[in-house]
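A single structure is presented below for examination.
Going in written order, the chains are labelled A, B, C, D, E, F, G and H, and every chain counts its residues from 1.
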Amino acid sequence: MNRNRLLELLASVERGNLSADEACEQLAHLPFEDVGHARIDHHRALRSGLPEVIYAAGKTPDQTAEIFARMAAAGSDVLATRVDEPTVAAVLAAVPQATHHPQARAMSLRQTTAEISGHIAVVCAGTSDLTVAEEAAITAELFGTQVTRLYDVGVAGIHRLLAVREQLSQAQAVIVCAGMEGALPSVVGGLVGVPVIAVPTSVGYGASFQGTTALLGMLNSCSPNVTVVNIDNGFGAAYTATLIARAANHSR
Amino acid sequence: MNRNRLLELLASVERGNLSADEACEQLAHLPFEDVGHARIDHHRALRSGLPEVIYAAGKTPDQTAEIFARMAAAGSDVLATRVDEPTVAAVLAAVPQATHHPQARAMSLRQTTAEISGHIAVVCAGTSDLTVAEEAAITAELFGTQVTRLYDVGVAGIHRLLAVREQLSQAQAVIVCAGMEGALPSVVGGLVGVPVIAVPTSVGYGASFQGTTALLGMLNSCSPNVTVVNIDNGFGAAYTATLIARAANHSR
Amino acid sequence: MNRNRLLELLASVERGNLSADEACEQLAHLPFEDVGHARIDHHRALRSGLPEVIYAAGKTPDQTAEIFARMAAAGSDVLATRVDEPTVAAVLAAVPQATHHPQARAMSLRQTTAEISGHIAVVCAGTSDLTVAEEAAITAELFGTQVTRLYDVGVAGIHRLLAVREQLSQAQAVIVCAGMEGALPSVVGGLVGVPVIAVPTSVGYGASFQGTTALLGMLNSCSPNVTVVNIDNGFGAAYTATLIARAANHSR
Amino acid sequence: MNRNRLLELLASVERGNLSADEACEQLAHLPFEDVGHARIDHHRALRSGLPEVIYAAGKTPDQTAEIFARMAAAGSDVLATRVDEPTVAAVLAAVPQATHHPQARAMSLRQTTAEISGHIAVVCAGTSDLTVAEEAAITAELFGTQVTRLYDVGVAGIHRLLAVREQLSQAQAVIVCAGMEGALPSVVGGLVGVPVIAVPTSVGYGASFQGTTALLGMLNSCSPNVTVVNIDNGFGAAYTATLIARAANHSR
Amino acid sequence: MNRNRLLELLASVERGNLSADEACEQLAHLPFEDVGHARIDHHRALRSGLPEVIYAAGKTPDQTAEIFARMAAAGSDVLATRVDEPTVAAVLAAVPQATHHPQARAMSLRQTTAEISGHIAVVCAGTSDLTVAEEAAITAELFGTQVTRLYDVGVAGIHRLLAVREQLSQAQAVIVCAGMEGALPSVVGGLVGVPVIAVPTSVGYGASFQGTTALLGMLNSCSPNVTVVNIDNGFGAAYTATLIARAANHSR
Amino acid sequence: MNRNRLLELLASVERGNLSADEACEQLAHLPFEDVGHARIDHHRALRSGLPEVIYAAGKTPDQTAEIFARMAAAGSDVLATRVDEPTVAAVLAAVPQATHHPQARAMSLRQTTAEISGHIAVVCAGTSDLTVAEEAAITAELFGTQVTRLYDVGVAGIHRLLAVREQLSQAQAVIVCAGMEGALPSVVGGLVGVPVIAVPTSVGYGASFQGTTALLGMLNSCSPNVTVVNIDNGFGAAYTATLIARAANHSR
Amino acid sequence: MNRNRLLELLASVERGNLSADEACEQLAHLPFEDVGHARIDHHRALRSGLPEVIYAAGKTPDQTAEIFARMAAAGSDVLATRVDEPTVAAVLAAVPQATHHPQARAMSLRQTTAEISGHIAVVCAGTSDLTVAEEAAITAELFGTQVTRLYDVGVAGIHRLLAVREQLSQAQAVIVCAGMEGALPSVVGGLVGVPVIAVPTSVGYGASFQGTTALLGMLNSCSPNVTVVNIDNGFGAAYTATLIARAANHSR
Amino acid sequence: MNRNRLLELLASVERGNLSADEACEQLAHLPFEDVGHARIDHHRALRSGLPEVIYAAGKTPDQTAEIFARMAAAGSDVLATRVDEPTVAAVLAAVPQATHHPQARAMSLRQTTAEISGHIAVVCAGTSDLTVAEEAAITAELFGTQVTRLYDVGVAGIHRLLAVREQLSQAQAVIVCAGMEGALPSVVGGLVGVPVIAVPTSVGYGASFQGTTALLGMLNSCSPNVTVVNIDNGFGAAYTATLIARAANHSR
């Protein structure tokens, strides 16, 4: 441990084995950033309890499988997002007990028994947004958050959304995934009193511009409790929603 | 009638009152495109009964005032849109009986007594969209359409919209003006069974990009009865809504 | 039925089996939105008579085939748009009597005998826009609308358009599909007195930006009777055109 | 009251003054949306305790002053954002005890004595972002949130940011305002374990495109705890940060 | 002549061979647009002598082959642009004497013996722009224009361009194809006294945005004799360059 | 003269006054580019006969007036474009005989008596495009080109354009100025057999994006004889149209 | 000094006045970032010798004047860029000996006598780019760099650029400012063997999009020695060019 | 040699074999640009010592292999960038001793023994940017530059960057490759006193727009020593960094 290493050095000075000048020199060359590094990471881990997640899109199947296996061997919970078919095969070959979530394009391995802490809702309009919504839901669940899925509600049939208002109102944070015009977060934002995290999806065609229109719509939401993440970024939404729900949950 | 006019000319030839050469010359100088022009315009006038409207934005106050006065002298109903202060003064100087609609940035003169035919609703979320909504409403009214204004309904407080559902359902066409994320037409489109004409407004800031975000959102509406016009184009929306409402009205 | 359920509850109060207070409490928790849901949908179906349409682009072949078969079994008219080869095979396996419209990328099944009501024209410039034009035409026809196809008219040879002016003038609404510069709706809009619904197509290359240029051109049309739908959205244009033509038709 | 009205109706049934059928009919026509309306609003107020805020940008000085005065008369805390000079004068004429915050372009009136609940940090790089940062800070303070301002930290002099790491780590949510390349939220996001709300500002020139570059950069943040609001939307960031900090605060 | 045809008709009326009514009827059914059509086309053909060209990109191999064969059978010169491998095969099967120009992605058949009229230069910087440059060159040659190819000149090695200045100065119109920054037309425009037609190419990567950067650069050319066509539109450039060179050539 | 200078040097070698080595050295340091400079400019002037034009937009009134006066003193024809009010005053103070063309935002001074050579048409739809159309017309006239102005023709009333077809067909090049959807050049391009130079204008609002939509539409024109210049660049269009018309005119 | 402070602490341990544990605790709370801060800044100042520069655009005249005066009082060389009229007045009032460079929109005060080190060229095409070019030149000169201004060279008259090739070849780095199509850096890049820093300027109109077109063109330069800075960022270009020229100069 | 050719000609004059007039005529037709060409290239080669590099993306495997083999046969160092699998095979077949760098998508052949001159650092955040970073590193190394690779440093874990500050500070120029928000160059720019060349990479998804967001962020860097090249242009960054490092190196 770094603190230990520092203590050792100071103890050497205390014992007279090391002069103040020599210690000063050594400290000057000590990679103190590493101390900072460790402390920061430790801090984050301590506060959020959120494990590292493997973003597989920019990696070869072998790279993802190797990282997954290494983390699995360390006893951590493991999550890999954006896995394609070859990656699924490679990970399963390396870690047969891993679970594949095809709809979410994700793989996970639950090894800890952390109790559920916090409760969020994941909302989307239809089948086309399911991939992103499930990425969010699976991620949050791996992080130990309870997830209520509300997947068949859209602004063109507003009654379906109103029908689940009660369920919405019990969440400590709400993730809303929507493509096309991206109007759903504004309507949901008006129905709840908690933060709404909007995830534009690349669903649509023509003037949807691969999710850009939904993104812009969400940024212009007239509901003040809406914040936005990148297109299709279900993982990021789940990360922040989990942070919010945990904090909120501790107060109950 | 043009056919009559042609028949007369040909009959004159038949009767020997006009030589073939003279008739040919007359026909050659007959502005047949003008005939076409007139016929088209007449056709359009006969079918739509919609008078010409002066778009004042690209004209000097004097130009607008002159056109307005000429049309007024002809006994027509007159409408000028996008009038600024100097134009208002110039028109009032030329046509004192003209009415100024400040909220709509429009001036009108009603001289005919055409009965009301057709019924539309004009919907918007708040005070910022009023200019465009009023341009639409004033235009439609000058065209002889009954207008129900529903101006305090927005997607972030969906109950306000639901509260006017009955009124919405009585319109034969609905105009929805919205800025920011432009989500209102989709929700309205899901509540009614008639065409919804969406008008993006340049209301908003930052990533609203002067109405572009609202425009794109409306084009991606998940309600199939939504069509879209240019940003702030209340006039165009009223024109088409009037055509629809008239046709529908004749069937009752 | 919800109405029945409400009646039962009120009858219990009438019979003295339930106090007013208890009934009030139960009503407060009744999913009244479901009532609203049903009524809205019913309303829309009653007014427009337009069946649901399956948008196959976001679905697997099996999903589309299953929905198609379920709707077919219910005796409805069925339409699926944006079908690819595997989807066609899957649907035909499930519903052999379905019709495939390759040019329109659509499949349909006509089971009702609703008489034709309303008349529209579908206009485009050439072979490249045919896919979108046919999606519009097939959709409108399934909705019971008579369709006049005018497919070889473009602005660079204006005489061809003028030659069909008579046919254009008989439609109660006109759909114009155009790619590249998207100029056709403006010219058509000047020739007719009915609403023109412009459909930009993704036809073109370079600075056509997959239909964006055509879309922008149509939004800036100088003909006030032009409204616009999303790029390649032949279905949406047909939906609104049908609503307009029906209303107009009832008045004859 | 609506509940009372419902109770009356049910009591009439109970008393035999109204048959179940008649009551059912009346309930079917009851404007239940109004009930919903009231309940939703009440819900939101109860849960968030956040008063309405006046967005002055789309309003005339007189309109803003009137709303401000009405809310002041009601005893509420009042906040108006985006006030220009004439609006400041009009509000002060109507409500002399209002406070003007020139840097934040805001006016406020504190009338309640709600205790501080929750603690956030507002971070920005320099003087140019101060307007947006102060809008966020003043808003949060009016909402009863403790605000630590960290205003002289930028990514090009990373040591200044590291020097305030301790203060950052004590906040329950962090708002980061940045223009130009918008890199600050990513760096801050890596230093803290709580949600970071990124506010792009319109500060910059040339390829900053009035804040669009900062907005896009923030949406692509490699720190998973970053969510984003519209350009210059300090108010929205404060709203969500307050919701988070309150929930978190209740747990301590 | 049309005037003659009209005179004949009127003379028949004058002579009593035709009644006024019959003449009216004939005139009413005279397809004057068709006259216009024919006249326009004839005019264009007479003045430009440019045959129709088949744009194969939006057509199936069979469609292209059929049109190609029909035009070939009519004895015309034939050109098809944007042909892919299957189209080449289909055309060669139908018209074995057709010539394939792989670099230009074109096929041609020369059947007339029109003498060369007019002289243009086609300029580009390197191998990547060759496809577009050759489309222009092959098109112009089929139109009977002499083409000087200057293909290895770029702005980053300006001496190579200066070395061909003499050749440039002999052309009656110059086509310049360039991708990336699209600077070549400005430099060429400064060296010659004839119209320069700039063709942006989709060559490049990253911020070339598939030719958009080159297109924008050319539109902002500081040489006043530069006009621009769509990205990769070698055909259009050749069409206009040929019109210019022919007119100029007739004067020598 | 440079040729003389070279001859002198070579003669010195011939006479033995200069060794081959010395001459080689001197030639290596000869500013040959200056030779090129003079020759190029002379070439351009000789071939095009087009005088320099002052673009006043980037200059102070005094700068423009000074250049104008200097060119006037030299006896040249002078043209200044994009002149604002202060510039007009400054130029008139310096050169009282200059002519101001307010509609074209231009000033000119005709001092030569060059006969008219070449004939173009300038076409636009309405009053809003007049500024750009007049800049083109005035420029071409100063260059000695005959200009036919056709200013009241638009695609939404196609008959007005057809009515001037005869006049169009007499031009050797056609300039078409159009804002909004920019459809006019395509239609004109289909009616004539000469090059059409399209000038997008910044006329419009909303999704016209200051002329960008018109620009994009023109670049996608389906008429192959259309080339395009920058938004509002009437001067550039006139420059190229003049080059074309002159060349064509010499052939009559 | 921080090192001293550390030495003292360690000496206390050595002397037994402080235990290792206590020292460890104190070290853990030592603001080591401040150490880093100082060292970094010192490092940069030592290596580059470039003083801080005041960017006045985001500051009030008083703020700029105050900073300017404080730096002047400290004996430093001072430079303020983007000064408007009120700022000039405020600075001159506070520091009368400051120099105003109107063309560069800058103010400077030279107080040191650092000798010239390094030599750069600043190139632009004409009067419109002068503001940016002068900002670069004045900045570099204040930094002690010799500047050769080459201001009348453009790509449409390539001979003028070739005429200054000798001067270009003597610079150790070249700054090229260009608006419109931004082609100049590519041509210059081909003529020299040193780094070229391209500065797009906001000069132009229409499709120049306030310098965006020039920016994109420069990023696509086919000369590999070209790098780019933000639109109008003459200061940044001068900063980097100075760093390059200094390093290069030390080697002569 | 051209100089020889000139000398011969002058010697002929000196010997009386050629008259001054004849020599003048011959010189007038001498392709002097070729002289210029050679001299420029020679100049560049002499000053930079950087060999030509083959950009394989726009070439067929055979073309690349042929050029590579020809340059190899000439004894030069050879580098080909953007090689795909078939190109690798073709080059290895032609030049078996060539080295393939898969990560960099490059092939090289070192045949000279130029000593290392200059030292740069190449920095990137993670595995996804490695392709671009390696293209830069391999290119610089072939140019004889020493490269320090710092590949695991990102702004979301700022301590990792601080840990390599010492290594950064020893480079004479720094290349920073970053995708997503592109924030890394600003932070690095604040840590070093030498030019930083920023390379946006196309790494990311959604609102990264294939590297455009990173590009824009870098152009808006608040560190004045940052300049930018095109997306993924590792080669260009290495070219300029090498020029800088060499010049700097000569001074040590």
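By definition in this document, a residue touches a chain if its C-beta (ideal position, glycine included) is under 8 Å from a C-beta of that chain, and two chains touch if they have at least 3 such contacts.
Protein identities per chain, from UniProt: A, B, C, D, E, F, G, H = PurE domain-containing protein.
What you see is a predicted model; the values in this text were computed from it and never measured.
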{"item": "Relative to chain D, chain with the most remote C-alpha centre", "value": "E"}
{"item": "Centroid-based (C-alpha) most distant chain relative to chain G", "value": "C"}
{"item": "Chain D and chain H: spacing of chain centres that average the CA atoms, whole Å", "value": "50"}
{"item": "Rounded Å distance between chain D and chain G, as computed from the means of their C-alpha atoms", "value": "39"}
{"item": "Centroid spacing, where centroids are CA-atom means, of chain E and chain F in whole angstrom", "value": "24"}
{"item": "Overlap residues in chain H, where contacts from two or more other chains coincide", "value": "40, 157, 162, 190-191, 206-208, 212, 215, 219-220, 230"}
{"item": "Pairs of chains, among all present, that meet the touch criterion", "value": "A-B, A-C, A-D, A-G, A-H, B-C, B-D, B-E, B-F, C-D, C-E, C-F, D-G, D-H, E-F, E-G, E-H, F-G, F-H, G-H"}
{"item": "Contacting residues of chain G [partner chain A, same complex]", "value": "3, 6-7, 10-11, 13-14, 16, 19-21, 23-24, 27-28, 32"}
{"item": "Interface residues, chain A side, partner chain C - complex", "value": "126-128, 157, 159-160, 162-163, 165, 203, 205-208"}
{"item": "Residue ranges of chain A touching chain B (in the complex, touch as defined)", "value": "125, 154-158, 161-162, 180-183, 186-187, 189-191, 204, 206-209, 212-214, 216-223"}
{"item": "Chain C residues within the chain A interface of the complex", "value": "31, 33-34, 36-37, 40-41, 57-59, 63, 200, 202, 210-212, 215, 230-233"}
{"item": "Complex interface listing, chain C residues touching chain B", "value": "36, 40, 43-44, 46-48, 53, 169, 172, 190-195, 197, 215, 219-220, 224-230, 235-237, 239-240, 243-244, 247-252"}
